[in-house]
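In the two complexes below, chain A is the common chain; its partner is chain B in one and chain C in the other.
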Partner chain A sequence: MKRLSKSFSKANKYIVIAKNTLQEYFVYRTNFFFWRLRTFISFLVFYFLWLAIAHGKTHVGSYTQAQLYTYFVIGYIIRTLVFSTRTSDLGSAITQGSLSRLLLKPLGVFKFFFTRDSVDKIFNFFFLIFEFSLILFLFKPELITPLPQNVLYFLLSTLLAIISFFLYGFLIALISFWTDTPWSGHWLFGVVFVNLFSGQAIPLDLLPQPVYNVLINTPFPYFYYYPMQLFLGKIPEAQIWPLLAKSILLSSLVFVFIKSVWKKGLIRYQSYGN
Partner chain B sequence: MSVAINIKNLSRHFEVHDKKPGLKSSLKSIWNRPKRIVKAVDDISFQIKTGELVGFIGPNGAGKTTTLKCLSGLLYPTKGEVEVLGFTPWHRKRDFLKQIGFIMGQKGQLWWDIPPQETFLLNQAIYEIPDKEYKERIRFFRSALNIKKEISIQTRKLSLGQRMKCELVAALIHQPKVIFLDEPTTGLDVIMQDKVRDFIRDYNREFKATIILTSHYMKDVQALCRRLIVIDKGKIHFDDLLSKLKNGPGSQKTLTLTFKDEVSKKDLKGLGKIIKYEDLRVTLSVKRKNASRVASQALEKFPVTDLNIEDIPIEETIKKLFQGQ
Partner chain C sequence: MVTKNTFKAWLIIAKNNFQRQLLTRSSSLLFIVGKLLQFAFSLLIIVSIFKTTGHIKDYTLDQALIFIIVFFLVESITQFLFRSIYSFRPVLLRGDFDLDLVKPLPSYFRPLISGPDFFDLPPLIIHALVLVYLLIKLNIHLTFPQVLLFLLLLANGVLLAFSVFLLIAAFSILTTEIDNLVWTYRSLSRAARLPVDIYPNFLQIILTGIVPVAIIINVPARVLLGLFQPSTLLFSFLITLFFVYTSVWLWRRSLKHYSSASS
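Up next is the complex of A and B:
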């Protein structure tokens, strides 16, 4: 009983962090509105682009029209839940010295940022419901009806994508211990690489075979391409669990790597500013 | 009395890039950045006993904040040993972090966009303070610091003074045993400085907390600290009772003499160092031990209408210490 109450009180601090983070969001309503607008517009760009490409064709590569529209419309869930992250705040906290505020407390910095990231996703999720309904109402896209097990695989792989995207973001932020420009790493990883290589702009199997072969051996397809392939039922049953296991393994390796980089980073930490 | 803080041969060096002014040098720095080692703290040692309130002063860049950051575990030292409450700070053990508080005058811990009470509640959860105790402590702080509605106003909308009072609450709500106060009165008006000083003094007495205070205002140090550590260029120049600095062998007094008739500079030679020489008034600097003798000599030899003997301001004494005089 005592142990239970102790772990509850430990968890309690992260609940309060979540509450405070949520309160901050209500302060920055305009900021948040523009972020949602950006996500929505970037979805529209890709959606209309592929609508134009698929126009008058029954297939684009191995995709039927319905599969292609599904790839982008359902992918909007991933855009919202996976790619919304606050890990870049860690980079700024390291370079500006505000990380000190956290380091002085009996508090896990990793858990602190994970809590804030989770709140960010929950907040985004409520907007997603509204925006997703709007997309269905406005464009009435022709979507496929997935098999129930494919929906489950999709949800599981999206959850893994959320975790691994956070881990990679956290790792990139730790570069700030060695360099004073936290945004360059995030820009390169979060904007350039993820946009191009995760499959959110182009289904990766439509790319030339050599490029595809390289990309599927990187972590990027796990953020968007594979969850969507699972939703569309394009991955053979026998390959699904090994794929998910590989995703877990990659995330575990990144987690171990983060721990080691964090320790080395703290030794270099300069705690700028009084 | 037990030792709360023990530092042995602590050094903290930083690597900095040197860059000459101008675009040409900026371009050059893309591939060639000359580096230099700055010894922010250079082989210092001292001990602080439990419950002591020690002034830690020095000019900008002297190494004060770096030392405090090493003591609180924010910085790893380049070399040396540090023990605070029996812990090595940079191991950041949970039990250690629960017993320290750090107030950085320039960098607060309050959440900027929400009221301070939300930060207090978070700290209650972090430090696992039971509800009843938390309420009692908040009551205590509200009365001691005269805090009213400000705890429910967005932090960014508070004045500097209001914010500093709330920073004190946030940093002390868990009643830390060791407190690092880094320029807590900087930027505050005179009344608020007094209030913060009174609060620190009372807090130290009531909770027997060990406090290291850095400040640019000597008034803070004079009002609060018996012991003073003076640091400059990473080295400790003085570590003793403040009274010893004021009354030590090298300490000086000023003698201001007003004359009925003009007295030449030449005649005053031998009495002491002339600091100011006006028509009928002269200010001399003399050694503390010679002050009375010089005063009576002046009274005997010259037509003195008024005589004033004062301690040299502590700032002047410390300035001399920094200048190696």
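Up next is the complex of A and C:
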């Protein structure tokens, strides 16, 4: 009984953190509105660019027009759910020294940021429903009808992408233990690498073969490209489970790596005046 | 608007900023690597698309490359000059903007030109060199008036970008929101990596008249490719004039509504 009440009190801490995070969004409502607007416009730019590219052509590479539109329109779900993250706050906390406040509290830093990240995704999800409906209503994109099992694989791979992107973001934030500013590492590895190599900008198999071969051996395609390939049914049945297993293995490896980097980082951590 | 003293103050601040950026060498390196990677990969994407499709509307790969390099060139110039817009929100929230308003400098100095970003200089030079190399490789022989016109429209684009950023700064005084607005503008500007006439009409209108990235980025590129019509010159200047006038007017109005944190 005592153990049970202890677990409840532990969980309660993170519920309070979740509530506080949610309240933060309501304090900066305009900011959040413009964040969503920015994400929406960023999507529209990509969508219309690919609309122009595919215009008048039956195929672009191995993609039919409908497959190409689906790749970007359904990809909007991934953009919102996978790439919305609060892990960059950890980088700022490290360089500004406010991490000390967190370390002194009876909280797990990892769980703290995981809670904040989850709230962020749930909040973004509500806006996604509205924005996605707006896209379908305004632009009536020609989309493919996926097979039910492909939708399941897509959902599973997106869930794995959410977890692995959180871990990846957390790992990048830890670079701040060794750099002077929190943004440089986050920008290069968390923004530039992810934008270019995950397949958000272009389906990776349209790139030259040598570049494609290099990229599919990195973690980035698991964030966007593979979930979309699964939705489009472009991955042979026999390769699906090994692919998902690789994604789990990747997350596990990053998790182990985070633990070791975190320990080394804490030894190096200094917070003047805190 | 820009006096000798303003330029002197800018030079001193630019020097200090450069020294500060040199202090954080590891970060500087990461930023510069990221910018060059973005440039190289964007070129690769365009080449890959054209290898697959052959053309986009009536544009060829060579033309698309010129458009995208000019896009990066203009982006580097505007980011180098107006980077301080990104750090204006904390200044507003802390109420520190008062301290800038009492200085004998233009009121737009702090939000727009007080933090030239030297991380953008190496990429800027590389973009310019790649542009020259490509023009030579493609046998595009520019006449002297063409070069002059290109530089004139580039300057016009920078002035127009200044007006857009001033509008954003004015809006930020009224709402304290700025970061996402700047990024929304940056997202829209990415549409001008390729000529905007490949997009549907409504988007062309938005990108030309409402958020005029087509004039900032596309028009100078058109001069290089000989796709420029003389009427565009007048139109570009008129749009710039309109934006400069509107942004200055709105900036002055917003300053009247400014109340610092301590007021």
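Heads up, the rule we're going with is that the second predicted complex is superposed on the first by the 271 of 274 C-alpha atoms of A that agree within 3 Å, B and C clash if a C-alpha of one lies under 4 Å from a C-alpha of the other, contacts with A are read in each partner's own complex, and residues count from 1 in each chain.
The criterion applied here is as follows: contacts are C-beta pairs under 8 Å (C-beta built on N, C-alpha and C of every residue); 3 or more make two chains touch, one makes a residue touch a chain.
Model, not experiment: these values are computed from the prediction.
Chemist: By the touch definition at the top of the document, which applies to A:N12: first (chain B), second (chain C), both, or neither?
Modeler: first
Chemist: After lining up the shared chain so the two structures overlap, which partner does A:I53 touch, if you call chain B first and chain C second: first, second, both or neither?
Modeler: second
Chemist: Considering only the touch criterion stated at the top, classify A:T64 as touching first (chain B), second (chain C), both, or neither.
Modeler: In the superposed model, A:T64 contacts neither chain B nor chain C.
Chemist: Please indicate which partner A:G97 is in contact with in the superposed arrangement: first for chain B, second for chain C, both, or neither.
Modeler: Touch status of A:G97: first partner only.
Chemist: Where does A:W187 make contact in the superposed view: on chain B (first), on chain C (second), on both, or on neither?
Modeler: Second partner only, chain C.
Chemist: Looking at A:S118 after the superposition, I want to know if it touches chain B, chain C, both of them or none. Which is it: first, second, both, neither?
Modeler: Neither partner.
Chemist: Look at the residues of chain A and decide whether chain B or chain C touches more of them.
Modeler: Between chain B and chain C, C touches the greater number of residues in chain A.
Chemist: Mind listing the chain C positions that touch chain A in their complex?
Modeler: Interface residues on the chain C side: 23-24, 26-28, 30-31, 33-34, 37-38, 41, 44-45, 48-49, 51-53, 56-57, 175-177, 179-181, 183-184, 187-188, 190-191, 194, 198-200, 203.
Chemist: Give the list of chain A residues in touch with chain B in this complex.
Modeler: Listed in rising order, the residues are 9, 12-13, 15-17, 19-20, 23-24, 27-28, 97-98, 100-101, 103-107, 266-267, 269-271, 273-274.
Chemist: Residue numbers of chain B touching chain A in their complex, please.
Modeler: Chain B reaches chain A through residues 14, 65, 69, 72-76, 90, 92, 94, 97-98, 100, 102, 104-107, 109, 111, 113-114, 118-119, 121-123, 125-128, 154, 182-183.
Chemist: In their shared complex, at which residues does chain A touch chain C?
Modeler: For chain A paired with chain C, touching residues are 30-31, 34-35, 37-38, 41-42, 45, 48-49, 51-53, 55, 57, 60-61, 178-181, 183-185, 187-188, 191-192, 196, 201-202, 206-208, 211.
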